[in-house]
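First the structure, then my questions, so here it is.
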Amino acid sequence: MSETTLGGIAGRMPKFIRRADPAVLTAFACIVLLLFLGSLYSRSFLSPEYLLQQLKVASFLGVIATGMMLVILLGQIDLSVPWSVAAGAMMACAAAAYGPVGVVLAIPFGIFCGVLIGIVNGIGVAYLRIPSMIITLATNAVAQGLMVVYTGGFSPQDSATGAMRYLATGFAIPGVPNAVIIWALIGAAMVFVLTRAGFGRTVYGIGNRERAAYLSGVDTRRVVMIAFAVSGGLSAFGGVLLAGYASKAAQSMGDAYLLPSIAAVVLGGTSILGGRGSYLGTVAGVILITLLQSILSVMQMPEAGRQIIYGVVIVAMLLLYGRAPASR
Amino acid sequence: MKDWRYWLAEQRGTLLALGIFIVMFIIYTSNHPAGFTANVVQTAANKGVLLAFVAMAQTLVVITAGIDLSVGMIFLLTNCLASWLVVGTPMQTTLGVIAVLAVGLLCGAINGAIVIYGRLQPIVATIATGAVYYGIGLLLRPFPGGSVNEDLADAMTGRVFDVVPASLVVLFGIVLVIWVPFSRSVLGRAAYAAGSSETAAYMSGVPIRRGKFAAYTLAGLLAAIGGLFLTFFTYTGDAAYASGNAYTLFSIAAVVLGGVSLFGGKGSAIGAIFGALAFRTIGDLLFVFDFDPLWQPLFQGVILLIAVSLGAFALFRVRNRLEWFL
Amino acid sequence: AGPEIVKGPAAEPDCFAPWAADTQFFKFPKKAGPYRIALANGYIANTWRIQMVQTAKAYAAQKDVAAKLKEFKVVSTGEDVPAQISAINNFIDSGYDAIVVNAQNPTAFGPVIKRAKEAGVVLVAFDNILDTKDAINVNVDQKGLGELWGKWLISHVPNGGKVLEVRGVAGTSVDTDRHNGIHEVLDASGKKWAVTEVVGKWDDGVAQKASADAIATNGPFDGVTGQGGDTGIVQAMIDAKHPFVPFGGETENGFRKFCAAHAADGLKCSSAGTGPAQVAVAIKTAIAALEGNVVPQSVKLPLAIVEDPNFKAGQDFFPDQSDNFFVGNSFPTCGINFTAQEIMGQTKADQ
Amino acid sequence: MDSAVPLFRMEGISKRYGGVRALEKAELVVTSGSIHAILGENGAGKSTLIKVMAGVVAPDEGRMTLDGREVTFPSPAAANQAGIVCIFQELSLVPDLSVADNIVISDPPKRFGMIDRGAQRRIAEEALARAGAADIHPLALVKDLPLSRRQMVEIAKALARKPRILILDEATSALTAADVSKIFAVLKRLRGEGLALLYISHRMNEIAELADQCTVFRNGRNVASYKAGSKSDNEVVELMIGREYSHIFPPKPAAVPGAAAPRLEARKLSWTDRLHDISLTVRAGEVVGLGGLDGQGQRELLLAFFGVLRGLSGEVLIDGKPVAISSPSAAREDGIGMALIPEDRKTEGLMLPMTVRENLSFAALDRLSKGGIIDRAAEQRLIDDMVALLAIKTAGLDIPVGALSGGNQQKVVIAKWLMRQPRIILLNDPTRGIDVGTKQELYQLMRKLADAGAAILFYSTDYDELIGCCDRVLVLYDGAVKRELVGAEITERALIASALNIHGEESPVGLGATA
């Protein structure tokens, strides 16, 4: 590797780019490439409406992927996303049925339900030392069971409240959808936590080597638990936003978010083994996945072709920049 | 310590899975209206064996400390393919079976190549290849349909001497032909070693790449055997996305129930088979207990949660907290 | 021990309408009641299926029906076809008299159908029916539904134009049949149609996103047709400030709410389909067969159709019910008529 | 011994890691039938050199010849084929496989294409016996063995490969004196059989006993080669560190202050079958050593104090008040102020891929944060202090700590705890694998900390260290304190005798320490 030339170029770039991971830069480059290819098919892929629309839709995945990233940084994974999303959405809408108080508490209650699922995951992973891949699978099944019982037994209200609608589709700042602002706020908070807060450092530390973090006197179990709770909460919040977007909650809302949220985090350069990754990368990954899905959909590619292209593009991009270092 | 104690320690996970399965199966059959009959066993065996093959496939990869989220999709793809190819004269059928197995091997080999030579993390790499395999499956079978050599299918899902389910016999045969040689071969050991400590294995001159590659490839083959069986069982091919995903996730649950460590290096496909059978019995329990239909998913979820938490009891024996962190 | 193949007509010809002129009629040997009937459901975790299971329970609990039943058991096996096959096998082995099934896969049940026939068990499929002549199918005319929507568009967009078609789950026969129905009608109209197809998977969220993308890139459209997730499609139009245009869609409560509210602005709807209440028809058919009555091998369900300007609150849609609720729960010719409360509030009432 | 063509020769070998020059035109000549010691400070490039030799690391430039023919090793397996077998500094045993599996791992005996377990076991038993470790069961899983046993398995594994050149990179650093002498006998026998042995160690006495030939490395170059015994220890050390070398151990204070309540006290501490009724005291300003053979409960004792073990019985007192410490986070709290330098820096002390900065402040984040936010200025100040205090050699604070040499990594582990200004410091064999120069700095530091009022409990496998550093030494045997040695009683003879529990005149067991 010729560091001198690289260093020379990097030296002239703004500071945040210089510090960025090459993976993140490549991911952003892929976004531009994707848009370029899309624009060959139709000019409207470059229209501001379309781009804003994508950003808005991406923000739902963005919020969910934020939680997923936190968990992945710990070297864990959260497979309970689908029904955490659904539970968040359904419970928020359900709360709204209980008078004005219910309407006010709808959003917090939805998030709270997601946090509860996350806490169960957290207890399983941190305190019972069950591999996250399996305990989150089980809580997902339990959450699904609860929602089925609930829907069947309680004839729930499932229309979104005005506040949920406003958060997902309103415009507090003209031209910028609220969902995007929310994602930006959550993202900013996450960046702050990861880079400036002690909590973030411990997350990276645990992701690298939990044993060493524990022996450093960090209550690693609590950190893991909190991370899962946050992930559950963010999934549920994603569900609340989705419910606002669709103006109602539905059972299967979250199914489409599990694999994309993992893929987005990893495409953004975060190591699935934990301990390494930046939020900027996750942002890139989320936009990448959303654009890819949307462009393939609008091109009216048959489902089979879409799946194949989707898979091939992910592998290709990872081969481009997501490879582990050579062992020698 | 005596030799047998070491053996016992090594087989603990497998034996535990066997125990869980036996207990659940006894609960199931003793409450079944038809009781412990050949029919009931055959039905349970056919259903269980399907997952058992996929779980065996998953085990091979998990042993290398990897994970294959595309097994379910290979399973679907080979099912779709088999519904085209495994038909006609015995000769054509045989060639069809070979072709289906070859495609499974190829899918596994592609996974292996991407993970090992492309140096990608198995989770994402196989999410992506899974999408590709599913897409190809959908191309092959845009709608459920096709057919299979029904004589062969009936033989494979029927009973031998009218008592033993043929599917169990085949499963046993596959264990003998694939798993036993693999686990005792140099490559199999390399797969274990790579899963346990890749650096240590590398520094010891173990052929880790070949071992891992063999594991992924054989996983593809086993998933294809599962796909073939699915075809025998359903007489058709069907690219049902949800079902592919479900098998992938079930296979992980089965593997864990079977005492295979997701951290790699530990466990056996035999344990995973019992894990798969036990997992399937969870679903069967619904049948014998009178649950309100809407409570059934919750019941299954809770049983799964309890089953996967069983391992946590070992935690109470841990006296040194450092053992929490592997 | 299979059924006798006999001449029509069926016992209750208005309810048990044959699918086509050449449909066979079955007469099973009469069995003495009360019967043990099982419902082998697959996937459960969506509103349609939950509503279906609730309807089945409500129907089985109706006095005159309950009198004929010794046991009514429901098992949901999820998305896995082999699990559903096994469940049916188990029901056969346990001596159930009839099994009602919403099949995860229309072609996969050959061996089970064979076994059921040998065991003299009445097998009735509905919603996702079975590809066979050996079991009873309670059938929705999916292609006819597509044709209906196609005709609606032709009559409201008389000169042809741009149409957004939101499809269902790729690879299912329901999706293909509906799609073919729409296109055959449109093609036959002789007008120029530019159809943008996107996949909505019968899910509001997915459909909404796909529609929003399509509107942003290919819009505006002159007409819309959706196989499901229609509430989401209308929502996407509202969000994108897309003008309201004629719409041929399914029977979701939310969709009909929109249709009623925005009809004046141009959202002229045809809402048609068959709600989850068809399970009741399936159970009714099973009982009739067990009683030795003549039933068609393939029953054609009437479609519940409501078209603009006939949307009436409290009858065709329920303003205070869930958007996800499927309307169209009455089959008057079969004497089946559920209210929303009866179905969704059922457990609550029990407790 | 002097044949025309040396068995193995390396010429002009260079290897760079990023900006670090691990090797710079290094040379080495290896001859059969001799033991060749390689000496050098931490980070001198010794391990890198032998990794190149063993095919683990690809050199950037240079050539190697075996029997006069040029060779390259694309993988460790290739080097093994050529008869070069290495016992690495970081052990290369596969934890989830059995001892026998590990011993034959590179070339297991086969029958019908499958591994022949019977034959494998016979080979393993024979190799274990040759290594003097016949007590290890071949079916035991490696991860269940204590470190010292694993080291023996590692040696047996190397022997089973029938090497021509056997390389031992600090293979004895975790071994006890008894095991070391067994190994030495084996090595000498192998030399007699005509093998070439390369031996890396920081223990000068071992080298003096074993080596025929020595090569000293400094900063990636070989700076001197000489016949063993032809240079004095001081000369050698000066070659290694490139500067004048004086006294190793700092002077001990005359008397230990004894008035106040002891800072740390244990009363009848027991845990499973590993610790039995241990009672001891450590006062502020005191350095108390833990001696005995490896694996007699010393590590467990330290972990017990630090809140890692469950199911302890007995009492722990801090400043005379009983406390219940249930986790490391409780142990480091203000009222207690305990720090533990753990046994294995790579897995317990550090997060290797994280930066030096992040590792240094990791244990003190709570102190450096306000409202959960890290005060970066305060962090920087404290880190600068620590880097200066311990003279940590690093290319920068923002490089991964894994890129530092072993000794500097160890300093980071210590510094990370010193950032909290601990009142009680537990050290678990902190000088393992550390060069003389750095060791000396650590000894000074330990004394300085004690003088500043810390209570230090110090476990070491190196008797010289215990003798040189400690005010008192408690010798453990089978989980119990067998003997307490004070001041001048601390001699090598006394330490070894009580470690082996071969003393006729039994001292009043441990309890004397609580007075």
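First chain written, first letter: the chains are A, B, C and D, and each begins at residue 1.
To be clear about the criterion, a contact is a pair of C-beta atoms (placed from the backbone, for glycine too) under 8 Å apart; a residue touches a chain by one contact, two chains touch by 3 or more.
Computed from a prediction, not measured in an experiment: that's the story for all the values here.
By number of C-beta pairs in contact, chains A-B lead all other pairings. Chain centres here are Cα means. That of chain B falls 35 Å from that of chain C.
Chain C and chain D have CA centres that are 72 Å apart. Centres computed as Cα averages put chain A at a distance of 30 Å from chain B. Among the residues of chain B, those touching two or more other chains are numbered 138, 142, 202, 294, 296-297, 321-322.
Shown for chain D are the residues in touch with two or more other chains, namely 56, 308, 327, 348.
Touching of two or more other chains is recorded for residues 144, 148, 152-153, 211, 214-215, 303-304 of chain A.
Taken together, the chains touch in the following pairs: A-B, A-C, A-D, B-C, B-D.
Of all residues in chain B, only 1, 3, 6-7, 9-10, 181, 184-186, 189, 192-193, 195-197, 199-207, 264-266, 318-322 touch chain D in the complex they form.
Looking at the complex, you find that chain B touches chain A at residues 67, 114, 118-121, 123-125, 127-136, 138-139, 142, 202, 249, 252-253, 256, 262-263, 294-302, 304-305, 308-309, 311-312, 315, 321-322, 324-325. Across the complex, chain D meets chain A through its residues 18-19, 56-58, 306, 308, 327-329, 331-332, 340, 342, 347-354, 358, 361-363, 365-366, 368-369, 372-374, 376, 416. Interface residues of chain A, counted against chain B in their complex, comprise 77, 79, 124, 128-131, 133-135, 137-146, 148-149, 152-153, 210-211, 214-215, 259, 262-263, 266-267, 271-273, 303-312, 314-315, 318-319, 322-327. Chain D makes touch with chain B in their complex at residues 54, 56, 75-77, 79-80, 86, 88, 90-98, 101-102, 105-106, 108, 110, 113-115, 117, 137, 139-141, 157, 271-272, 300, 303, 308-311, 327, 348.
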